[in-house]
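Contents: one structure, followed by commentary.
Which chain is which? They are A, B, C and D, in the order written, and residues in each are numbered from 1.
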Amino acid sequence: MSTWYNRIAGQNLERLAALSDGIFAVAMTLLVLDIHAPAAHAIHSENDLWLALCALAPRMLVYLMSVLTLGIFWIGQQTQFNHLSQSDRHFTWIHIAFLAVVTVMPFSTSVLAEFITFRLALLFYWANILLLGLILYLSWRYAAHAGLVADADHEIRCAVERRILIAQSLYGFGAALCLFNTAWSIGFIVLVQLNYAIAPRVRPFSRL
Amino acid sequence: MSTWYNRIAGQNLERLAALSDGIFAVAMTLLVLDIHAPAAHAIHSENDLWLALCALAPRMLVYLMSVLTLGIFWIGQQTQFNHLSQSDRHFTWIHIAFLAVVTVMPFSTSVLAEFITFRLALLFYWANILLLGLILYLSWRYAAHAGLVADADHEIRCAVERRILIAQSLYGFGAALCLFNTAWSIGFIVLVQLNYAIAPRVRPFSRL
Amino acid sequence: MSTWYNRIAGQNLERLAALSDGIFAVAMTLLVLDIHAPAAHAIHSENDLWLALCALAPRMLVYLMSVLTLGIFWIGQQTQFNHLSQSDRHFTWIHIAFLAVVTVMPFSTSVLAEFITFRLALLFYWANILLLGLILYLSWRYAAHAGLVADADHEIRCAVERRILIAQSLYGFGAALCLFNTAWSIGFIVLVQLNYAIAPRVRPFSRL
Amino acid sequence: MSTWYNRIAGQNLERLAALSDGIFAVAMTLLVLDIHAPAAHAIHSENDLWLALCALAPRMLVYLMSVLTLGIFWIGQQTQFNHLSQSDRHFTWIHIAFLAVVTVMPFSTSVLAEFITFRLALLFYWANILLLGLILYLSWRYAAHAGLVADADHEIRCAVERRILIAQSLYGFGAALCLFNTAWSIGFIVLVQLNYAIAPRVRPFSRL
């Protein structure tokens, strides 16, 4: 039966991790390709160059947000993998879907940087974050269900799920702020991300 | 004799796997580079942006097909490697040829996205899929012949070969549908690929 | 508590190393993308091509400087990792910040190559080098503080810190030379980097 | 003393291999970026598309040559690494120089594809091949000298050196053929490379 193939396919967790590291590495580096050096013919003095670099500030902010997004989800995926003993074909395909969304990040970043005041651009970007969180959640549930988890006790399982649910609620609230203004959305999402990156030991932030 | 060099060259299966993961990672990420953010000067409202993003739908479909193609063949290669004990120079060159075809995928994807109604573009894309399958088939036969396979019993060997032959027959049928319409071809190929990605436990699909 | 998640997140040093190798590999290769082949319509003879390639010399110099910069910091990071037993979430985020600066290098290189006589371009480039050194220094201090260092005696710890401090002093002096002329800055920085790359056994250079 | 740092720096052979795999993977994939899909506005029929794809044939040939070049040198580097027990800082820098030349390959390929009848473009490309061979030769001599080689008897050592010297002689002869015509050079070099890739068991080719 062809089910034989499905039983032996895609069981190598190390190679899935290597593919993931490669895709995150390329995606993070490509984010910057969208920030172009100013055109030489328009720059005649140090001051012109200074203004041209300052004009790149909004792109830099969106770039920073995307690095934080990719960093957060790279750590999220890695943390799951650290508790798994092996992979299987379904788990592998869940993560290929995850990686496909990761590869779309440079595009979403580019759209948001170009149309930073447009709600649609922000919602498109947020849909990316939502999908990443959703797939990671599914992956963790599937791994537990299929017996791929090696050494995670109950507390660890809940911690992973709670983290995803709380984070997505905050991102969702941030996205909803675009009803008022996309700047508020971006600001709120970056603050949430910085909180996760820095992990200050101050309540209530340390409990999120 | 120079055959000495050929005896010691290219025996590291881990590095071949690492090179493959790198090339698949870059190829998957480059697929998206072809989807450009809409030009800012043509967009004056949320509605304009919505229409501009919708206009990218055909490219998105081709992008999805290419991610599925690369995912399927990445898993196919990985599954073979999982059963090998080592590599040799011939096996390494077979896979460099395989990877060379992988690197052509962003180009074929770009041609198909640009000329989605042209039979030639579809056949060019299909030739890529055919070559990937052909080389994987040769690689498996060569590995068995050269004694590189570590732990695959007869059933596993047949499962790998059957999977490639059936899949290529379906892709070939899909490509032939372009005699009527390239849209039918693309639709059929994407459905076959989704079937392989999702692997539903419903007959007759689970037997393909 | 959510601190559970922070306790288990980002502990895999091998994956952090793999992400770093990927990002350095992409950044090093992208540096060259900025060096374009001369446009065919402007070249009518071997001599034209020779002149067009010679005109790329300043870009080649900046490219060489950036390869040296990335090589030095890749080795610096690797040397730290070789002495660590594991990672934790704070350490992982310190290195994601490090890698974010690495991904900016192709942009800074591009700005400097385009505006090689502008002080601001040179200072922007130097700020990159400074940040890389600063983050590596923090990372080493944090790793020692958090008990991540496995097998480094006191002499090794001091050697790593001294290397960073001396190197950054030299780069800072080189950057300050742009008060006179950016060419002096670039020349001095490249010489310092070549000294670190070649590591001649001649005093006083071997003591830097 | 600062020599302390030089003693502990860059000793991780696995990470040097990982960086190399990443750079080769990106360089191989970027080669194709230079082959652009034909512009849609100039294509009105299947026949137009066929002619436009055929017009890419010279670029495809140069692309094939570059994949072969990178494949040969990737295997060459891997074969050396397979016989080493560890790295040191000098060895690491020799290979960063090697990788810097690898990253230049997409540029040289682009120059040769654009100016395929120009001797200078061919010699520039050949200089790349020569440098790659030269650095690999130095790296092997240095590794033997510094005691980094783990398990290579005299015959293996000679086989590696002979392979490089014979191959470079053949490439040098191929490059010299451009005195007559660059097409002869390219043809001869591709034949030599195909011989190394396929390794036919026919004398005299198997003795090269």
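Observations
Note that in this section contacts are C-beta pairs under 8 Å (C-beta built on N, C-alpha and C of every residue); 3 or more make two chains touch, one makes a residue touch a chain.
Model, not experiment: these values are computed from the prediction.
The angle of the rotation carrying chain B onto chain D, fitted on C-alpha atoms and rounded to the nearest 5, is 90°.
The chain with its Cα centre farthest from the Cα centre of chain D is A.
Taken over every residue number at the interface, the positions common to chain C and chain D amount to under half, indicating a different-residue contact. Distance between chain centres (mean CA atoms), chain A to chain C: 25 Å.
Of all residues in chain C, those touching 2 or more other chains are 18, 21-22, 25-26, 30, listed in ascending order. Listing the residues of chain C that touch chain A in their complex gives 1-6, 8-12, 15, 18-19, 21-23, 25-27, 30, 89-90, 92-93, 96, 99-100, 103-104, 106-107, 110-111, 114-115, 118-121, 124. By the touch criterion stated above, chain A contacts chain C in their complex at residues 17-18, 21-22, 24-26, 28-33, 35-38, 40, 43, 46, 49-50, 53, 64, 67, 71, 74-76, 78-79, 81-83, 155-156, 158-160, 162-163, 166, 197-199, 206-208. Within the complex, the chain C residues that touch chain B are 22, 25-26.
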